[in-house]
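In the two complexes below, chain A is the common chain; its partner is chain B in one and chain C in the other.
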Partner chain A sequence: MQASAQFDTHYRSIYVKRLSIIIGLCIALVLSLMLDLTAGPAQLGLAEIIQGIIDPQSLSLRHQIILWDVRLPDALIALAVGAALGLAGIETQTILNNPLASPFTLGVSALATLGASLAIVVAPVIPFLPNNAVLPAMALLFALLGGGLILAFTKFSGGARESVVLFGIALVFLANALTAALQYVASAEAVQAIVFWTIGNLTKVGWNELFIVSFVFVCVLPFSLRHVWLMTLIRGGEAQAKSLGLNVSRLRALVIFRVSILAAFAVCFVGAIGFVGLVGPHIARMLLGEDHRLLVPGSILCGALILSLASFLSKALLPGVIIPVGILTSVIGVPIFLFLIAKQRKVS
Partner chain B sequence: MSVFTVSDIRVSYGKKQVLNGVTLPVLNCGEMLGLLGPNAAGKSTLMRALSGEQAYQGQVVLHQALKSTYKHKDWHNRVAYMPQTPPQESSLMPYELMWSAARALSLDYSDQALNCLIKDIFERLGLAEFATTCLHSLSGGKRQLVGLALAIIRDPELLLLDEPTSALDLHWRMVVLDYVRERLNKTGGAAIAALHDLDLAARYCDKLVLLNGGEIVASGTPFEVLTRDNIAHVYQVDVSVMDSQEGYPLIHIHRPIAQT
Partner chain C sequence: MITRLVLILWMSFSSLLAMAQIKITDIAGRDIVLTQAAQRFVMSEGRYVVPLSIVRPENPVAGLVGLMSNIGLANPELEKQVFSRFPDARNIANFGGRAENSVSVEKIIDLAPDVAIFGLQDHGPGSRNAELLAQLAAAGIKVVFIDFRMDPLKNTRRSIEILGQIFSQEESARAYVSYYQQKLDKITDTVAQLDTRPNVFFQAHAGRFDCCVAFADGMLGPFIEAAGGNNIADAVAPGPTSTHTEEFLLTQDPDIWITSASGTISDYKAGKKPVALGFGMTTETAQISLASFLDKPAFQALTAVKQGRAYAIWHNYYNSPLNIVALEAFAKWIHPEAFAQLSPELSMQEIQQKFTQFDIKGIYSVALKSE
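Our next item is the complex of A and B:
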């Protein structure tokens, strides 16, 4: 038989290559986590850190606190938030058939910012809620509200993807305008706090926040994995998927629902960290192709890896200074993103 | 035995009536019906109504049972629709697309059987060497063939093909329609194809229907439908119709008729 008939064996070799890229990403993620754990003003070597994780008593009390209360939660939240944004990003891009879409296009983060600004400026007292939880709670509430609005609009408009994107963009403008109005009347300190939140910062979270974000991620992931074949099929075009009898509008509403929850929890504690949900899926797609069995895990790994590296750099670039991680993800993310776009244009 | 009957189909978009009581000739095992007509005649709308994508009024009967008595999934397993739009350009590979379709629809094939089926379809449609080429690197014609492969993967009893050959060159047009006819003979299924090419329609279809403005102008055998008057009336083109001596009419196009 001629060589062309052996495409299934050829595909299998492509698949094995892609699997090894996934393994490579896992290794890179572990390395990046180690780097991130060792970065910081206190001189804590890798050996000490590993020892301290296995047996906390072996470290001095000061080092125990630094490792368990600062380094580990910071490093792990980078993974959790990055993974959540990577997953939310790939699902949004596929279901909206738009490589420029991300959970942020849907207005989730703009509304989270509005909620956070409201919490900072008005500083409401909410019963049964400690004061330091008011801000993330408001951010979460508003982000979920944004998700709800998008979802309602998706149902209302019959689920056409262009109108969903347009509605998301309109929502972003509205939320930005309202945030600006709040800033206009706010005190200088409040404006500074809002700006700081908007930039995105990993260093203010503890174990509770880490558990919440991880828990939501773990709850959403099985639903995403259950849909990997469907999502791959959608990449062949909506007309084809519909002709095969699939209810694409219903699937779109489902995906937007879970993506909004995921993104809302991802940003509510750490602020509007840009570009991870956009660039992570792009890098994964270039490395792994469109088969969502690999693309979904790959996008999660890429998201986590980008944020973890950004977290490391935020501590390592300027000794003694922690640059907010949101600045780094954008400063590093934008050139990577432009490079990818240029490269992709060349290919096609 | 009649496989498929369609009677008095009406579809409207808002106030606009797109199909106005369309009744197709009865389709028997192994038969192919050609749907002809100018742009906006209602061919695609009829296809979408039959596939289940478009709401309609009227009767659609498959194997003596009304369409409404079939479960959604069961209907789609029996009736496959190939839309006019081919698979979109993306970095997805045709081979991946076929696998994802079969698995997303939970078709009852083992991995090995599915692989064999995909290989067989791809080899017949000349897609074997493009199976692992990204869709955005394929020509429109190849993507159209992938679309046909996608419709065939569930081994349907009725194939609805919306302009299956519009992007193909002469060779592949005939290969595709030969392949469809061969499948019909083998499986005893039936097919309805919307076509723009009158010669192909005359050559490959057992029955033809000429649609215009949502209504049937003529239906019957190719010789009955493809008359000089019918074509002049519907397409505003002056033709002469000859007998190919091989059982189907040949159409020689002279000029468009000036519209009054």
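Our next item is the complex of A and C:
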């Protein structure tokens, strides 16, 4: 009786500690968003920004455009894309039981890049589709195609996770090779445009793109949250999960399905922002442990936080000039990552 | 007596030989000696047909046996004209694809040129490509570097002179260089007397690259300063080109906004995004193309756009000896009063009549609003 009470207190204290980490991450995210919103060459302080959000008319036209067309969509898409990649990342790592997995291991981003490259090189005119929507549409289409192939293969191969990972990696190589082939025949300008796209850039999106990414994220999230218990169970070992009656193959197909959609929408507008989907979940895991009830929200928050900080730095490092955000996600993510690994070693 | 005669003959022959030798110091600072004017040669980029046509207008591509990238890549219209005027040009071999890493040294050697002409740093082999240079040297192929891209203000004239030397066409080279010099001096002298330097944002590939990639201190970027403007991207950026948000534009609110237009008439007709200029375009269509790119709140809020001081310049002035026309256009746009008499479009026609001989019917620079 006493032992059980002790466990109970211990569990509670861990839970409270982890919950406070989540709250801490939320606060950090809000701060980072504010930081990101204040960064830029225009003299727009936080007070003016808040005022401008509440009452846009209070700002001059120029500042209105800066706040509403430049800063807000850029800062918010960082959160949306970061969150989507964080969620997609943790789900992929768990369902494939592979710490190196991320949505990009499944070939989603490589295929999105192939689609984008095709759009850049061929620049097709598609009826009923505005010109500036062609590139994201092609990127999305190809990313979804990649997801579809993985899914079909998962079904076909009986859902063994090693073969899914291998198939994903094979897809990555194939897509990379085709992209390289396209670059080989493309003009120098097109090659440069492809390189820009591959590095990733948040500054080209507007409200429509933001709404689309957020909408997809909000649609997928409930399904992920519904499965947090099952995912935690899988972390304890696939054999055990199976013995408890869980249809792992079916769950794997479901997760791959939603992760592909999520990652495809996340990258199609802003380019192949790698790393967030890999390192966000790891940071969350080191902070919060394996319980997916906390790990899933934690991974979402970490992904959003990394991308938001990267977005801030991309504007702040060289005032007036944009450093592509994809360069900075790793620059920020790696030190945090190494710090946590070192800290964990110390503890153990 | 006979010995003497032989000696005289030998001496005059050797002096003839010495005279025929062509000594060149190329843009990379390398000394090259050619025993005679180039008969067979290869070049890196197809767009160099334009400087070729300046030094040898009667047939720029005679003896051109290989190109890394074909003419049509940068300028489809030019390729069409070259092919129709010089059908043999269809047989020019390719020794690579689009970039330095695609170059086949074996193919170059197989083409057996006397001379290989490369840009100091274009999309083809660069002057730091030691292995390729050694291989070509071993095969007895002389490599000469020219440059219209990295530092065009300084290197354009010298590069034309070098081409004149390579083909023993010094006269036509000199004619263009002095034409260029005259135009350059006129602008430099006038700018030196002006006491204002309006702020200019010079955007690259509007509609093709994301907003807003700018020419900072690379390529055509320094032309802004030379034309009497202040290049606002150069002031903040560390490299040759730089990326900015629309916020930068709105905050700096430049007096003049210029873009390089890399769209073509067929892009324009297909409704594609890049701002279009060049062969087949008219002032009206070019203005429509430019206006539709600028039809966004952020651009509409710019003083330059409101006052009609937004302009587009043909992208192919980049990496071309015709860049002096771009300088004229910039000068006229940045200091309209001081340079009222300049007409870039007329200069373009003049260059076509006097030098290149290619049909250039079209518009190569345009203002958002006609004067």
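Operating definition for what follows: the second predicted complex is superposed on the first by the 328 of 348 C-alpha atoms of A that agree within 3 Å, B and C clash if a C-alpha of one lies under 4 Å from a C-alpha of the other, contacts with A are read in each partner's own complex, and residues count from 1 in each chain.
The rule is simple: a residue touches a chain if its C-beta (ideal position, glycine included) is under 8 Å from a C-beta of that chain, and two chains touch if they have at least 3 such contacts.
Predicted model, so just to flag it, every value in this text is computed and none were measured.
Engineer: With both complexes superposed on chain A, which partner does A:D55 reach: first (chain B), second (chain C), both or neither?
Structural biologist: The answer is neither, since A:D55 touches no partner chain.
Engineer: Touch test for A:E290: chain B only (first), chain C only (second), both, or neither?
Structural biologist: A:E290: touches chain B, not chain C.
Engineer: Could you let me know whether more residues of chain A are touched by chain B or by chain C?
Structural biologist: Answer, by number of touched residues of chain A: C.
Engineer: With both complexes overlaid on chain A, does A:R71 touch chain B (first), chain C (second), both or neither?
Structural biologist: second
Engineer: Can A:Y11 be said to touch chain B (first), chain C (second), both, or neither?
Structural biologist: first
Engineer: For a test of understanding, state which residues of chain C touch chain A in their complex under the given definition.
Structural biologist: Those residues of chain C that touch chain A are 73-74, 97-99, 102, 123, 205, 208-211, 236-238, 242-248, 250-253, 262, 267, 270-273, 297-298, 301.
Engineer: Where on chain A does chain C make contact in their complex?
Structural biologist: Per the touch definition, chain A meets chain C at residues 40-42, 61-62, 65-66, 69-71, 74, 123, 125, 131-132, 183-189, 191-193, 196, 201, 203-204, 315, 318-324.
Engineer: Help me check something: in the complex, which residues belonging to chain B touch chain A?
Structural biologist: Per the stated touch rule, the residues are 51-53, 72-73, 75-76, 80-93, 95-97, 99-101, 103-105, 115, 118-119, 122-123, 128-129, 131-132, 134-137, 146-147, 150-151.
Engineer: Can you list the chain A residues touching chain B in their complex?
Structural biologist: Going by the criterion above, the answer is residues 4-5, 7-8, 10-11, 14, 97, 229-230, 232-233, 235-240, 242-246, 285, 289-292, 348.
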